[in-house]
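So that you can tell them apart, the chains are marked A, B, C and D in the order they are listed, and the count of residues begins at 1 in each.
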Amino acid sequence: MRKFLTILFACMLVLTLFAGCGGNSGNDQGAADDGDTDLPIVRIGVFEPQSGDNGAGGKQEILGMQYANVVTPTVDIAGTTYEVVLEYADNQSANDKAPSAAQTLISKGCSIVLGSYGSGVSIAASDTFKDAGMPVVGVTCTNPAVTAGNSHYFRICFLDPFQGTVLANFAKDQFKASKAYCLAKLGDDYSGGLCNFFMDAFGEANCRYEMFPEGTNDYSTYVANAKAYGADVFFSPVSTEAAALIIDQVASQGLDMPILAGDTWDSNVILNAAKGKNVEIFVTTFYQEGGAPSFDAGIKNWINSDATAKANNGGDDMIAAVSAMGYDAYYLALEALKVAGSTKPGDVLAILGGVTYDGVSGAIAFDTVNGDAVRSVAFVKRCDTSSGEWVFIKQQGVN
Amino acid sequence: MENKRIQNLTSVVFLLALFALVIFLEQVIKPTDTMAMLLTVTKKSAVYALVAVSMNLLNGFTGLFSLGQAGFMLMGAYTYAIFTIESERRDSVYYYFDQVVNVSLPETLGGALGSVGWLVGVLLAIILGGLVAAGVAYLIGFPVLRLKSDYLAIATLGFAEIIRAIFQWRMLGPVTNAANPLKSYVRLSDFKIGTGDAAINISTFVAVLLAVVCIGIIVMLINSSYGRAFKAIREDEVAAEAMGINLYKHKQIAFCISSFFAGVGGAMLAMFANTVQANNFKSNMTFEILLIVVLGGIGSVSGSCIAAVFFIFASEWWLRGLDSGRFLGIFAPGIFRNGFRLVIFSVGIMLVILFFRRGLMGDKELPYYVKWIKDKLTTQKPKAGEANG
Amino acid sequence: MVLFNTTLPYLLSGISVGGQYALIAIGYTMVYGILRLINFAHADVFMVSALCMVYAVTTFQIPLYIAIPLVVALTVLLGFAIERVAYRPLRSAPRMSVMVSAIAVSYTLQNLALYITGGLNKNYPSIPWLSDSITVLEATTKRVTVVTPFLTIALVVILVMFIQRTKIGTAMRAVAKDFETSRLMGIKVDSVISMTFIIGSFLAGIGSMLFFTNYPGVIPTAGAMPGMKAFVAAVFGGIGSIPGAVLGGFVIGICESLIKGLDTILVNTGLLQSPLELATFSDAFTFVLLILILVFKPTGLLGEKIADKV
Amino acid sequence: MAENVLRLEDVTMQFGGVVALDNFSMEVNKDEIVALIGPNGAGKTTAFNCITGVYEPTNGRVSLHGEVIVENHPQGKMKALYKGENDGKYTNVVSHTPDRITYRGIARTFQNIRLFKALTVYENVLIAKHMRARQNVFSATFRLNAKEERRMRDEAMALLEEQNLVHLKDSIASSLPYGLQRRLEIARALATEPSIILLDEPAAGMNPQETMELTSFIRQIREEYKLTVFMIEHHMDLVMKISDRIYVLDFGKQISHGTPSEVQNDQKVIDAYLGVVEDAED
């Protein structure tokens, strides 16, 4: 029996190999086999985590792109109208899975790739894209290392050093803070990096920096540490899963200091967790809800009408900043395709650096050094725990 | 004796054909082709095959149930990366720290000896990765190898976690870059013959070659007198001891060698993944490798290799359609949404374990089945022959 | 005094966490005691139980007084089903196969949860009374934190009495001692094993409720770390021994908590100039403890010695 | 006086409060066949385990060719618990793992056959050759010393030939019939090139025909391999037929010693076997 099955497996291996190449090679011709119309197809790759540590955030980012795709499903490139198809590859928030996810998108014949949510996977996949000459637009990967020293990776968000400085300035301006407690997740380059830049700006001598290991549930000891240190602000730019627990435990332990965080916390998960609790939360973000009313109304409508989208958004229609960023990234990609007048990745790459777009999160343009977005301000928001909504506080720059 | 020679010859011919095929495919397939995925997953399969075989050496051939693989891979990956980072990009890698290791083996040797030196430097770094892993395994072995079965398993699992925590410790940041990724070191895609557009890419070939050489060494070890001693320990520790086999010494040897190759595998994984971060070497990685070993058959080297190929090809390529709405021509975005691939995949593994409990190959090797098919072929309908392709 | 004041909050939080570990650890220790199997899926049963609660209360709007017993019943059913489907067919298979089967079940449950929830954090519904904040020794915390250790000990006393006094409890002890002989003695080994899984899952259901009331975020991997620590606690206390598992749970919980606060304690008491960021090792230290106990007392604190016959 | 091969002096083995072997002294001389008999639970296998390093005796000394290979005296917790005699007579502690003792020339078989079940007959014998092979992992893996490997294989083959097992060379050990498994186990023990072989109930489970063959087989290995044989056996026919001397144990104590006929007529032995006092079961 076993021998028989072994042979069966061997047959399957061979068969699937051929089926795989036969089946997919049809797509390369640009035949509209998976579109809704007879238009030729242009593919935009979505390189985002849909599982793993950053799965939730990645999905919210995708929502923005999907909504944009619903609003604008076609694009005119050099006189021809193309249907835009989003191709997805889940990078599982894992660096060792990133290269093959990236290769999937390249193999599917994408013209440009958007992503990712986090920086680690972007760095890991960067060379795969580079080898294929694929232009990539980072959406919310804020680590400087993503774009540094390469010419194919761009991004539309601000960078960690900027955000860290903004938050440090905000802490000093708003709360006259002299001591800060920084809590990052061990092994997470996002929170670790942001904490580092925050401490650089705030003064490392006045900070206590700690890291919790993955899978931590009990944050009460860290809250106790912050109290014992006598901190004025609690800085914890961690992922939303941990954030929900931190907020809950901060509230039940009665921490008397404001919590500061970065763009990841601009999410309904935080609002839900904080609603009705005695906590003060401030975040910096790319996008202020209400800044583009028609976008807000439109995406809420769409999320409410699509059960899957609603589930991916955590069950309600609160718009995450990353969704707005995803939305802008999509339009930026269309703009690039139009300017390039071609669907070839190489052509898009050649002109991408000069592309500009006026999005819901502000005007987007790339600098000439690394292809980073030119952004000089971030929005600071406060969580209104009684209504469960974000309240705009101010725009904060580095100075 | 004659039989053996034919068998060896067949293996050599098979391997040469494999190499030729890999090199050929690598030249034919462009990065933007659909089939480029084949190259990517082949590289990763090569890494996993090596790591799975190294785990099989311990779990399958020596009967030591160890779950420390991810920890040893981590050490190999870090050692390799640290010693091959381009010196001019070190500052950007160690963004938050002042790095203490300032040696790039390929650069130093490459400067002195040209491209041969570069290659030697890379190889040295890989071997160094293995040696560090083996060295730590040697130390861990003192307390751990006296433990039995499950206890050994959790103790090694625990050590892997401890190692991970140490590498993430910020006090060691100047060496390990703490929790931040290491990058800008020599990667698989740096393996090219020539420069510029005319360069011949041999990255997949290098990955496969490295894996084949390492697995080959493990197979030679298994077939040697020491390999027999390992099997004796697996079968019956008391009897093995009564045959004059020093249990501790032999377990230690198996443990160190297995860890050495896990370290080499880790270095290769680093070369493949372009970045190294301790966070990726979690116990889940060990479990994935264990699944490969069990699926392939505990005590079968070729089983591990085949299972590794299946595992990686399926999880990273073939089943991807399950995540994005379309699979085998069926379009059902409601069911085939993200996460479905992993569900199907894990259910598949579950079924194999329940109904196929000795794995794909049991403890037999490929030649056994080739012979079996040949026997079938001569006695029965000739149709089964195609399965061998 | 400074030492005591700075240490106290960590001790309290350690006892609370320890109580949670203890409840999960019992499930591990019972199954291991009888089947010699590390039931990796136990931690995921724990997580699925929490998810059931989330869906029961938020999606299906079932009132809490029905939802709680319902969820516990579902948890028990799940534990029972896992044993039936994934472990029973492998009873005669090598140890490693069974363990891998357990890993595969764990993998499947996690992936299923990922598929259904989409990997998003689900907020655990707050259970009145248990979720309220109270003040103990000048420290504010949830009531559940204080209740957990007592409830754990009460449950364990009941369980130990059950195992010592009842017929099925005696059968369990017999099976744990000698599988084959028990079978020959006419004990229905399969139903005893099922019973073990039922009790273990029942406790996991209760434990899940207490745990997630305290830490109300549920993600597919939420069970993994507590599960791993609970298992270490079971080994630490002596696998197969229920009081040992409880003791182990508390020791691991307190140690973990102290390590996290060690920097603060040391700096505040003046023993250390600047923090060493030892909190990095809070998980790793659990394993250090594990290895130490395995090396110096392989049977755990309260475990029985098993002799090897030549 | 013949050359002394194995000597036990006052060996006592105590497990907690239970004395399994009590102050047992004996010796085996060169080319002798010596048997150790006694009812179940008398401590026979314990004696074997003390000699081969599986157990560390609580008190006493074992020497091989006049060289001490095991010596111990009550220590630690055992000091208070010790019930045996001759406390304080031995002061050194000498202990070796079983593999070292095998290396010094004591080979053994097991009461409940312990072959490497999933391996072939040939591999089983070959493994025993590993111990004396002059190679390390490196040279073995890379076949740097092919001569050594060939020597091992040739010797193993020769041994199989002598034991008439060549035709079964590639069979899996566990598939052999019981009698052949016994024979293979002995062949495997011989492959370690011992000076004395310890056989633990070699005739257990054999029919009269097989026992007959075994009798001549044991004699034969003594002649051909110049071996000293020390065995535990229940089959009195066999024991009386081939033993030069017999030691009798009961409840861990030596109750008789002498030639087969002396032992046969010893009242204490008869009592022990007929269970006049009580039955000792383990």
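The criterion applied here is as follows: a residue touches a chain if its C-beta (ideal position, glycine included) is under 8 Å from a C-beta of that chain, and two chains touch if they have at least 3 such contacts.
Note that the coordinates shown come from a computational prediction; the quantities given were computed from them, not determined experimentally.
Engineer: Could you tell me between which two chains the number of C-beta pairs in contact is largest?
Structural biologist: Pair with the most C-beta pairs in contact: A-B.
Engineer: On a CA-centroid basis, which chain has its centre farthest from subunit B's?
Structural biologist: D
Engineer: Report the inter-centroid distance (CA atoms only) between subunit A and subunit D in whole Å.
Structural biologist: Centres of subunit A and subunit D (C-alpha means) sit 71 Å apart.
Engineer: Distance between subunit C and subunit D based on Cα centroids, please, to the nearest Å.
Structural biologist: Using C-alpha averages as centres, the distance is 48 Å.
Engineer: I'd like the Å distance between the centres of subunit B and subunit D, where a centre is the mean of that chain's Cα atoms.
Structural biologist: A distance of 44 Å separates the two centres.
Engineer: Please work out the Cα centroid separation of subunit A and subunit C, and write it as a whole number of Å.
Structural biologist: 35
Engineer: Considering subunit A alone, which of its residues make contact with at least two other chains?
Structural biologist: Answer for subunit A, listing residues that touch two or more other chains: 50-51, 59, 186, 209, 211, 213-214.
Engineer: Residue numbers in subunit B touching 2 or more other chains?
Structural biologist: If we look for residues of subunit B contacting two or more partner chains, we find 164-165, 168, 170, 238, 337-339, 342, 358.
Engineer: Hunt down the residues of subunit D that sit against at least two other chains at once, touch-wise.
Structural biologist: Only 54, 110 qualify.
Engineer: Which residues of subunit C touch subunit B in their complex?
Structural biologist: Touch residues, subunit C against subunit B: 32, 36, 38, 85-86, 89-90, 93-97, 99-101, 103-105, 107-108, 111-112, 114-115, 118-119, 228, 231-232, 235, 276-277, 280-281, 283-284, 286-288, 290-291, 294-295, 298, 310.
Engineer: Report the residues of subunit B in contact with subunit D in the complex, numbered from low to high.
Structural biologist: 217, 220-221, 224-226, 228-229, 231-232, 235-236, 238-248, 253, 257, 363
Engineer: Please name which positions on subunit B make contact with subunit C in the complex.
Structural biologist: Residues 59, 65, 143-144, 146-147, 149-151, 153-155, 157-159, 161-162, 164-166, 168-171, 238, 283, 287, 290-291, 294, 298, 337-340, 342-343, 345-347, 349-350, 353-354, 357-358.
Engineer: Once bound in the complex, which stretches of subunit B touch subunit A?
Structural biologist: Interface residues on subunit B, with respect to subunit A: 31-41, 44, 89, 92-93, 95-96, 164-165, 168, 170, 178-181, 183, 187, 189, 269, 272-280, 282, 285, 306, 309-310, 313, 316-318, 320, 323-324, 326, 328-329, 331, 333-334, 337-339, 341-342, 356, 358, 360-362, 369, 372-373, 384, 386-389.
Engineer: Which residues of subunit A touch subunit C in the complex?
Structural biologist: Touch list, subunit A to subunit C: 50-52, 55-56, 59, 186, 208-218, 220-222, 224-225, 228-229, 240-242, 244-245, 248-249, 251-254, 269, 272-273, 311-312, 314-315.
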